[in-house]
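Below are two complexes that have subunit A in common, paired first with subunit B and then with subunit C.
What follows is the complex of A and B.
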């Protein structure tokens, strides 16, 4: 009798509870999730912005200094690009590493294709781009960045672009390459040479029309109009700062956080403590805004009303907020020692800031500038929210 | 003047300079990891800057490394670090951190 009761009622109930605990109770979306890189531990935290909480940690991801992340288009998986060439696929719902490959010796970042099918990685060593399937991380194409006399260049500024394309820059060669993935079995490469010395990073305008590469080796920036690649790469701001002594740069700026408000773009100057404001209709300099140090990230709040800026050593304890209307610094915050990155919630009411030396992530309200939360993290650096999945060029 | 004296000492065979105190040593370790590491990699395997592993530096003299760190390398992205690290500290950093794993 007891045996029968167990079999008919308690056992199914037990199974239901066990399964329920493992799956059904966790039914949820991923639109308010994200990851924070813990650079020295080689791990990432999975976070949720709605409750400002940490959901889990995934480790053994390799050397995560200068790591970056893209998301699958269903926003369930995060792809982590490690400095040591590691490429990891993480399941945000199950809080686990799905697959990790070591695809190169030294790499700088990557992108996911417009259709979500391919992951491209920019490598320093061996210099070039490798393309993998997003599903299984199987190698699909290997494109060495060869220039001159069979030399290999380091690759920077890799972004996805509309029309199933990838665009990137060759730091050592001074070239921009456009990869057409329309037919993945026959990838076409268009090369733009002589675009300027030492392109160090690049960005794509929202919507994906313009690819803009910053130059370290000379003044100005290189601009490619992807609506008219036949027109070639042109140089903008060629005379900016030409006759001035450059200040030392203790950390290279990034161009990833493209900042646009109306027709204005905001980019970090190199070797000057300024944020440059560029009119994107004429591609002319409108103003240079003096700031607290060498800018590293210059990022627009999603509505474009504010521009948030962090800085290179030795000014990396602070963050400044530029008013996009009057083009002046309206606010200076002191989040703590070693501010490395900032990420806005999808619609921008809050911003998450990583503070490396304090082992903290700070969350600010972007309207009141009130500190809303502090979360513990071990030497946090990059912060990436799943809303990036729907943005071209991020 | 002081730096020239140190350079001579270093060139003459790496005589140990005055050691930074333990707190400062920790700051220098952190600086190497985070700030040198911004270009040369957290594990010093190189990035936009060249690798700084002991084997990659084995052909470089102490005097050259001291000069490079203190004054930077004009024409490259390497900035001068002397506003933040004095010559004694640089010598210690070369001997105890850069030349070792």
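What follows is the complex of A and C.
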């Protein structure tokens, strides 16, 4: 009797196991998924935007201050770049850490190649870029950022670009490197030297034509036109970053936080309560829009009709919405204490906002400005949706 | 003994069944999926672009001439609009038809609302728009296209627009209707009359600001600026569509086949071997580019660097690639007999081309123009990738 019971109850279980992990996870699409960084816990929340819910949490991801995320081209996996050099691959469908490697001592973000096959990481220590297969996180190339007398530079502002390329800047060397991966077995590197002192961050314009690096060591920005790399790096907006030395700069604004809508770029001024409007055809300043604090992220709603701005301390309880046509602030919202990041749903009908000190994520309708949901999160910072997989330079 | 054998073998099977359909389908992301219309078979192929393979086929979808497809916001389901009024919901993960309704006698495409909750279908017979829930395909609104003396017009050029709106044109009435679904229980309709004779197709510019309708009954295009509907519909490009009456127009070019890259729109000339380049700031003709035949689809690679063009009979064995900067044809490809449609992978590294008479789909690398794969398909026409779920107006 016992024997029979065992057989009839263990066999089904065995088969259940043999059917594999797939059965434990719900079969679902991945186009409406995303992750939210919980910085202090070293974890991420997996969320979905269709019914605004939290699906799970994955922890033990290391130091997630200034963490960023890219997604596999099938939008099933998230790659999390930690500050401590950790690179983690997370399965969004099974709420689990697939693999974590400590690929460097200190790193600052990364990118996924246009074809989704490679993950590149920008490292401070040792200075350089390491490239891994997206499938297994196996090292496939190590490219030290060597300059001058065999010195190693910290690497910043790493982005993917069309034509299976990566672009990044060497903070200590003042260089921009363009990595051509069209033939992964024969990576070609083009180096642009003397581009300006201490490039600290960079962005690629939507579509992927222009790479812009912000300079910490001087004013202005370095511009590389990827349609014409042979023309070299130019300096634009010579006054960008100039600020009153008596005004403290609470936070160097992120360049990924630039918004480009039509021919206009909306750019956080450094150390001033202003969003700068720049015509991208001549790279000339069109207007300065007064705002509620020092802007950190300046983000365009996907249709380009609105520009949403958050601020550095002590004004970081607010979010302002700029009308992209009037170039004035049309709305001020008060999501709560410590607004750190914003992410629009792919077609822009809603925006998710992380409010760190309130341990909450707020979701707003971007047309009515009505609050649609509040979700609990432990000190949330960056929010990243899977639709990024289909975009260049994010 | 038999008794025991039955118990041990049936129980596991029972449990296997109870675990449900999820176990029969592979757990996978949906960001790299797509469908290809097989017109004559009335079926679609489900494909994935990461390893360029066919995952399955779903049939019995009705008359798929001029069929089009939209995707659920989670990118799991494809909605196929058939010519015979059929609307089908396909589960891409389980290769199966979830539901098919015959919602009208004759229809011409549709759209999914910005928030993914509603599917709108443009009907010829009975003339009007019907709106269904995307979840269950339940009718939630029926909006007859009534004009004049209680006449019903055929509806064309239906697109979704930001702000949970739909826009479409009334072929027989010469009107454009703007449907506001912000509050789905109280749909508001704004009608623009006298917009021109016989609008036959339309497009929304990327980002969703401008709705343009082509006119069959006269030259020029009707333009509605959705940032300023109060300004009404304007007529632009007064010569568009003017052609030599002695030259047969083999096919009215699709307006969804317009490419907008930066400030330029690349537009198929009607009945002429030309692609027109239009400055979208003043809606003025910049240049006519001579091409190999009457252009049908004129599509921009996602980064805007290249414009790919296919042609009407008898030149439909070719594809030409226009350089978006030089505004000249840089490359002519010969994919095979009956090139009907093209779709770029989300970040543009490859393009899929349907070659009807050769019963094949060809995949090219868009940088090297190398052929990467050939896949069998029965009289393939439209190709649609799930990344469309994150885009407006497609």
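Simple rule for what comes next: the second predicted complex is superposed on the first by the 360 of 394 C-alpha atoms of A that agree within 3 Å, B and C clash if a C-alpha of one lies under 4 Å from a C-alpha of the other, contacts with A are read in each partner's own complex, and residues count from 1 in each chain.
As a convention for this text, a residue touches a chain if its C-beta (ideal position, glycine included) is under 8 Å from a C-beta of that chain, and two chains touch if they have at least 3 such contacts.
All of these numbers come straight from a predicted model, not from anything done at the bench.
*Asks:* Clash or fit: subunit B against subunit C, after overlaying the two structures on subunit A?
*Replies:* Here subunit B and subunit C can both sit on subunit A without a clash.
*Asks:* Could you look at A:229 and tell me whether it touches subunit B, subunit C, both or neither (first, second, both, neither)?
*Replies:* neither
*Asks:* Does subunit B (first) or subunit C (second) touch A:330, or do both, or does neither?
*Replies:* After superposing on A, A:330 lies clear of both subunit B and subunit C.
*Asks:* Spot which of subunit B and subunit C makes contact with more residues of subunit A, would you?
*Replies:* Touching more of subunit A: C.
*Asks:* Is A:241 touching the first partner subunit B, the second partner subunit C, both, or neither of them?
*Replies:* neither
*Asks:* Classify the contacts of A:63 with the two partner chains as first (subunit B alone), second (subunit C alone), both, or neither.
*Replies:* A:63: touches subunit B, not subunit C.
*Asks:* Between subunit B and subunit C, whom does A:164 touch in the aligned arrangement: first, second, both, or neither?
*Replies:* In the superposition, A:164 touches subunit C alone.
*Asks:* Applying the document's definition of touch, where does A:313 land relative to subunit B and subunit C: first, second, both, or neither?
*Replies:* After superposition on chain A, A:313 lies in contact with subunit B alone.
*Asks:* If you stack the two complexes on chain A, which partner ends up touching A:220: first (subunit B), second (subunit C), both, or neither?
*Replies:* Once the two structures are laid over each other on A, A:220 reaches no partner at all.
*Asks:* Going by the contact rule set out at the top, does A:126 touch subunit B (first), subunit C (second), both, or neither?
*Replies:* After superposing on A, A:126 lies clear of both subunit B and subunit C.
*Asks:* In whole Å, what is the nearest CA distance you get between subunit B and subunit C after the fit?
*Replies:* 31
*Asks:* Across the two complexes, find the residues of subunit A that touch subunit B and also touch subunit C.
*Replies:* Overlap of subunit B and subunit C footprints on subunit A: empty.
*Asks:* Which part of subunit C faces subunit A closely enough to touch in the complex?
*Replies:* Those in contact with subunit A are residues 4, 7-8, 11-12, 15-16, 19, 21-23, 25-33, 48-50, 71-77, 92-94, 114-116, 162-164, 182, 207-209, 227, 261-263, 302-305, 325, 346-350, 367-368, 386-387, 389-392.
*Asks:* In the complex formed with subunit A, which residues of subunit B make contact?
*Replies:* Residues in contact with subunit A: 30, 33-35, 37-39, 41-43, 45-48, 72, 77, 79-80, 84.
*Asks:* If we count contacts the way the header does, which residues on subunit A are in touch with subunit B in the complex?
*Replies:* Residue list for subunit A touching subunit B: 39-40, 63, 65-66, 83-84, 105-106, 108, 124-125, 154, 171, 200, 216, 248-252, 312-314, 338, 356-357.
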